[in-house]
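Each of the two complexes below includes chain A, the first together with chain B, the second together with chain C.
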Partner chain A sequence: MLNSEYVPIKMEEDLLLVRKCVRQLASSVGFGVLDMTRLMTAAVELGRNTLIHGKGGHMRAVIVVKDKAKGIRLDFEDAGPGIPDLDLALTDGYTSKDGMGLGLSGAKRLVNEFTVIPVTPRGVRIIAISWLDE
Partner chain B sequence: MERIPILHVGTLLLVTIQVDMHDRLATNLQEDLTHRLSETHAKGVLIDISALDIVDSYIARIVGNIAQTSRILDAHTVLVGMRPPVAMTLVEMGVTLEGVSTALNIDKGMLLLNKIINK
Partner chain C sequence: MPEPLDQVLHLIFDEYQEQLLEKWVESQLHSDGFRSYLVQEDELREQCSSFVTLFVNCFSKKNHPDMTSDAWAPMAALLTDIAKRRTNQGFTPSETATFVFSLKRPLFHLIKEQSQADAKVTERLWEISLVLDTLGLFTTEVYLATREEVITRQREEMFELSCPVVQLWDGVLGLPIIGTLDSKRTQLVMESLLETLSSTQSEITIIDITGVPVVDTLTAQHLIRTVSAAQLMGARCIISGIRPQIAQTMVHLGVSLGDVVTKSTMAAAIKYAFEFQGLEVNPINK
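What follows is the complex of A and B.
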């Protein structure tokens, strides 16, 4: 694996690093401005969830290659309360706090692959992948 | 304390949102804007987001809150400078900015605001 990045997410300022990191990777892979905007937005939504709902965690970002396709994989992990009802959490407009409830479902729509994995004993891991279309 | 400047232009207030928006800044902005609106009796608020390469649901909610606050104080809000990829991404996420009109740039935003206000 090349160009792996690790970004701790402990405070709001860290979300600026998340976005910067994703921008750099996306541009090095050759993403156009629209796909870069979509991936950065998804990353910031997931990063904010890691911070707010997951009580902090980190993101790992890496360039992935499959056959001839290139993409970016973002891997968010926290040790928060976890997501007890994933369908509910993915419902447009559902929020357990005072958000818009469009971060998780929105991020899922903005990437090509989206996987939510419960972490034991507690927490969430979310893997989002976007492929560069050529 | 960190604050976002609010410019008074004619009968309007102009707010420029920068990339490093965070909770404390947003709260201060709400307070300052409420204060300035009642102080100046401005009838319109222009929010310039041309510096933002992305707008997430957090920023969208702040913009929505500003628009609501303005309405209570008898002013209208127009959002200017949204980049096309940002607009497309918001649509895809399902984020709608209720109560917020949009214009391409500050000049067009001023025209639109004056039209809304003088109606």
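What follows is the complex of A and C.
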């Protein structure tokens, strides 16, 4: 359970906490400024999706280790309406609200691994992993 | 009758510790206020188990709970950890404190079972203790809510202070943005910028984002909107202070700022503004 953080996402201010928490974990693992900024940006995008489309939820951030490689896994979960068409949602420029339509696809490009899992009965879980390049 | 009660306590601590823990965990899992989505059962179980072990340990060393003493130091550390976790997990102060208070019921129950104490008296004592705990927790909640109000007010005041529009030169405005550019802030920034543009008749605005830690799609959208509003009023906009890591992140995100002039530093932006105005900075000839 050590080195894991839980952040509830209920309002816009919570995204500051998301960013701060990701920054702390990333710097403790040894991420450089660029990788840290990329991961923080992805976290804020996904967190905002959780807030706006998922009507609130939470983020879990954990340090992960695989074959000596260190990374950070971000786990966003909401109990919103879910994503009816994932391919469409991942299309650059497509938006169901009035955003730029780049949040989900952009966040995917900013991390190494990106998985979207529907949650039953409602909601979405998005897992994003960023590995530290040694 | 302090001595028999002490014996009962020792008996409970020695023989019934497991049972106490089990009852306590059960009662928390089944209480109305338990929020399974905030804390997992195994985490709760682990916290309860550590608490009971330490409680028995510290209590036998020193009856009076002095949290600064060596005897109670491990307990202070555990509670600090639990309280911090619960704050981040979204528990209220009362719920956090109730974690400790809720041990009383199973403990009192065991004492009642093991001692010859009057069942009615112990039951009544429990009720009184519950009432007082609830009242005490209520004052804590009010105290914290009041403090939070103060913090919210201060934050709002800070918001207004933190969007200054400065006149850098005749016809050149500077708008340094520090922190996060959310919807509320953008509204404030835009209002004060447009007002100053109209009152000073400036033709160039430099928006500096050196102090913005992350430019996500919403921040970019807010920037573009601010720029378009300024352009509608006939002003030219330059966005400065785009750091290398921000530039790279924006490219991967797929965000572009349209045809807005961008510069890496405020100095470069000022130079550009001077060129646009046909001005040149020269050393004084001596």
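One rule holds for everything that comes next: the second predicted complex is superposed on the first by the 132 of 134 C-alpha atoms of A that agree within 3 Å, B and C clash if a C-alpha of one lies under 4 Å from a C-alpha of the other, contacts with A are read in each partner's own complex, and residues count from 1 in each chain.
To be clear about the criterion, a residue touches a chain if its C-beta (ideal position, glycine included) is under 8 Å from a C-beta of that chain, and two chains touch if they have at least 3 such contacts.
None of these values were measured; they are calculated from a predicted model.
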Combined model on chain A: chain C and chain B, fit or clash: clash
First, second, both or neither for A:19, with chain B first and chain C second: both
Touching partner for A:8 - first (chain B), second (chain C), both, neither: second
Which superposed partner A:112 touches (first chain B, second chain C, both, neither): neither
Which of chain B and chain C A:96 touches, first, second, both or neither: neither
Which superposed partner A:48 touches (first chain B, second chain C, both, neither): both
Residues of chain A contacting chain B in one complex and chain C in the other: 12, 16, 19, 33-34, 36-38, 40-41, 44-45, 48, 92, 99-100, 102-103, 105-107, 109-110
In the complex, chain C residues that touch chain A: 38, 43, 46, 85, 88-90, 180, 182-183, 213-218, 220-221, 244-246, 248-249, 252-255
Complex interface listing, chain B residues touching chain A: 19-20, 22-23, 53-58, 60-61, 83, 85-86, 88-89, 92-95
Residue ranges of chain A in contact with chain C within the complex: 1, 5-8, 10, 12, 15-16, 19, 33-34, 36-38, 40-41, 44-45, 48, 58, 92, 99-100, 102-103, 105-107, 109-110
Parts of chain A lying in touch with chain B, wherever the complex brings them together: 12-13, 16, 19, 23, 33-34, 36-38, 40-41, 44-45, 48, 92, 99-100, 102-103, 105-107, 109-110
